[in-house]
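In the two complexes that follow, chain A is the common piece, with chain B as its partner first and chain C second.
The block that comes next holds the complex of A and B.
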């Protein structure tokens, strides 16, 4: 039988890249002091903590978890609402194909990018310092964070719409507002709603931990109990909020599948 | 000229459907707003905002040029190191999870279980993971790496398995028909084919982890978060502002580099 000989391609460039990446990863691990041996050796400590949290959790504490959890949901809803409301007009400004004016879309995008680089946690701790401890600071942080997220996704879908409808309206002499109302909005609204739901899912998760810096919701309860080392209560909080997040994710992702 | 009229669907069922949908949405939002007490801005807010602005105008440059272990450059580099190592750890662990969740590799029944495990991991907040790992390896960067590494499996595993499920099965079948063993099929057919997508998703996750790594310090898991929250709590605004500004610049640069690479990959 004849052998098929495949010539070996020159892998020099690829190998250099791989070597550089490996060096980068090893360098970071060493710099950060990451040592797998310590991790494995200390594993029993982690098991002990998990045991104190979940074996068994203090179920009698469960009724006290519900009110802050509802507050968390409210924070996520209101934060998503304001964020999405501001995001829609800004996304229209940031889309390069609607106004056709780089002097508007470029700076708007730059500002959006800056908003998106600040983690919600950092925003929350800043607002707690300004507005005081409580869910209000958390809502503002979530609104800004959602605004950055949704407006980016939305302007990207405005840029990828089917332009035929816009051109049809333009050829009839429609002005910008009419084009926006009758050609762009109908095309992007389902996607916009889907992004908003996605933002809501993300927000439920962030709202649950924002309380750690004092921005209201379940995180605050979590932090108190952790500070008092009531690990069995911490376990209850984790289990219940975990279930709520799971249910919300499930419902929301099913609605999103029907939307788009 | 003839007028074109578009008939709207005004059957009662449709109207009721809309009222329930939109009305329910409005009610939910109002319900949410009623639960957020607006206690008014704190009396000190004006002063805080003023000193915040003053912090932006003259940030703590001495902290930025402090090259020792207490300085800003060290903390930023540590944050990047946490993000890189954490992303790498999760990318490696995600591959077996993704294979377990892919319908075309392990069959339908196993893949449902695999997907469920991945979803469970995704819902678990990284901050809580960080707290658990702090009890294992003590406070510091390694706890952050582990927290990111485990938490990212949730998203990477899902994206990886989607990439594997949508791959071209021809190569795999060709190898199998030649009698290739399953490790051979895995390393010669499956992984080479999906690797550009896998690397691209990993880079994307790295961008997210960079932001996460900067907040993990809040609970003591290393990185820039600890000095930041300390500066905010002690109202050291010039220092807090220089940290936020450097963070914005660093994350923007990393986003830019990473998205360039991603565009070239796929």
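The block that comes next holds the complex of A and C.
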């Protein structure tokens, strides 16, 4: 049988991309002062620290971890709630296919984009400066962060709905609010709830570190113990927080799977 | 009842969909609109309830100029005109009852309909509409759980709940199998006959038009090129006449099936 000859694939493009990526990573590492030798030299120090944290953690401290942890969850819940609540109507305004008025949707989107570029930590430090130390500042920061996240996802959902259902409602004499209620909401509500749960997952994790800038929750307890070098207590905080986040992620993502 | 006077439609991208249409449709007629894909059938239908605005000319419904109506006035005209679509366009994630009740929204203050507060009377209208199309037993089902033919019947029930005077149907059976097609067309015919609701349907199959309509209007490239009452159709020349509409003769084997 004749041998089939196929031209060799041209890998030039791929190789250039690989090279560029490697160069980029190395370049950034050098720029950031990252040095593998430092990592190895400090390895034993790190091992000793880990030992003091987890061998064993100070379990007697566990009951003290619960109240700030609950505060963290409450911050996440309240922040998610307000963020999502405001996100829904704003998403409707931002969607280009509902009001059909670029003079409204474009500016609203611009504002949303600005909100979304600010990390929750930055917002939190800002609000701590304004409202003082405590969970209130954290909740405001989380609300705004959630608002930015959910409104963007939701208006994109609104723009990808089946428009035939909207047309049908128009054809029978419905006004905008009725169209919203009977044609748009049924289509996006499951997705909106899924985004809200996702926002909650993200917020639990954010809320856990927000305390670092004084915005309440478990992060504040963490920071306090680290400052006092109570490493065995820090270990307990990490273990318990880790477990809680894990359980919440698991439950929430399972509900989300069922929603959509 | 409906009067097109010198109506043209040019879409924003420059497509000339309709050109100087003059057409009068009388109360109680069942008009089938036939024509090739892209001829302008959907455009013609959508001008009647102003889902799209006309570029020039006027369309009037019962003496009111639809082409001029806006806001509340337009919605009051629309609620008298039912429309069913090829893709059914019912709200899949809502119950059958909610879908049919939504046909009543234009009759009540918005705050009530938003809260889902429909009077008992409206529910009776909805049940009766569902009964008309023999699907009352599905009243509490989720619309997405129904078959295509059942969904189209719910769409008809929603239109009936409007208590309309006119029914527009844009290829109502194009995504249904032949048996369901006959069922749905039978319901449309029954409603047209028993309730005297004027019906205009875009149809892809000539023999459906012959079997159900009282009048056939042929559209080609934005013009009306054929307009005959069924009772006046000359069987001998009919197939040849269709050449005007489709640009070529239709053969017997291109029909859905002979009766």
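Basically, the second predicted complex is superposed on the first by the 241 of 260 C-alpha atoms of A that agree within 3 Å, B and C clash if a C-alpha of one lies under 4 Å from a C-alpha of the other, contacts with A are read in each partner's own complex, and residues count from 1 in each chain.
Going forward, a contact is a pair of C-beta atoms (placed from the backbone, for glycine too) under 8 Å apart; a residue touches a chain by one contact, two chains touch by 3 or more.
Here the structure is a predicted model, which is why all the values come from computation and not from measurement.
Chemist: Touching A:77, do we find chain B (first), chain C (second), both, or neither?
Modeler: It touches chain B, and chain C stays clear.
Chemist: Touching A:164, do we find chain B (first), chain C (second), both, or neither?
Modeler: Second partner only.
Chemist: Looking only at contacts as defined up top, I'd like to know whether chain B or chain C touches more of chain A.
Modeler: Answer, by number of touched residues of chain A: B.
Chemist: Is A:139 contacted by the first partner chain B, the second partner chain C, both or neither?
Modeler: first
Chemist: Once chain A of both complexes is superposed, is A:228 in touch with chain B (first), chain C (second), both, or neither?
Modeler: neither
Chemist: State the interface residues of chain A toward chain C in the complex, per the touch definition above.
Modeler: 162, 164-165, 167-175, 177-178, 181-183, 186-187, 189-190
Chemist: In their shared complex, at which residues does chain A touch chain B?
Modeler: It comes out as residues 24-25, 27-29, 31-35, 38-39, 42-43, 45-46, 49-50, 70-71, 73-78, 81, 113-114, 117-119, 121-122, 125-126, 129-132, 134-136, 139, 205, 208-209, 212-213, 222, 226, 238, 242, 245-246, 249.
Chemist: Enumerate the contact residues on chain B facing chain A in the complex.
Modeler: Checking each residue of chain B against chain A gives 28-29, 31-39, 41-42, 45, 48-49, 52, 77-78, 80-82, 84-85, 88, 119-120, 123-125, 127-128, 131-133, 135-138, 140-142, 144-146, 211-212, 214-215, 218-219, 222, 225, 228-229, 232-233, 235, 240, 244, 247-248, 251-252, 255.
Chemist: Looking at the complex, which residues from chain C come into contact with chain A?
Modeler: Contact set of chain C toward chain A: 49, 51, 75-79, 81-83, 85, 87, 89-94, 98, 102-103, 105-106, 110, 113-114, 155, 158-159, 162, 168.
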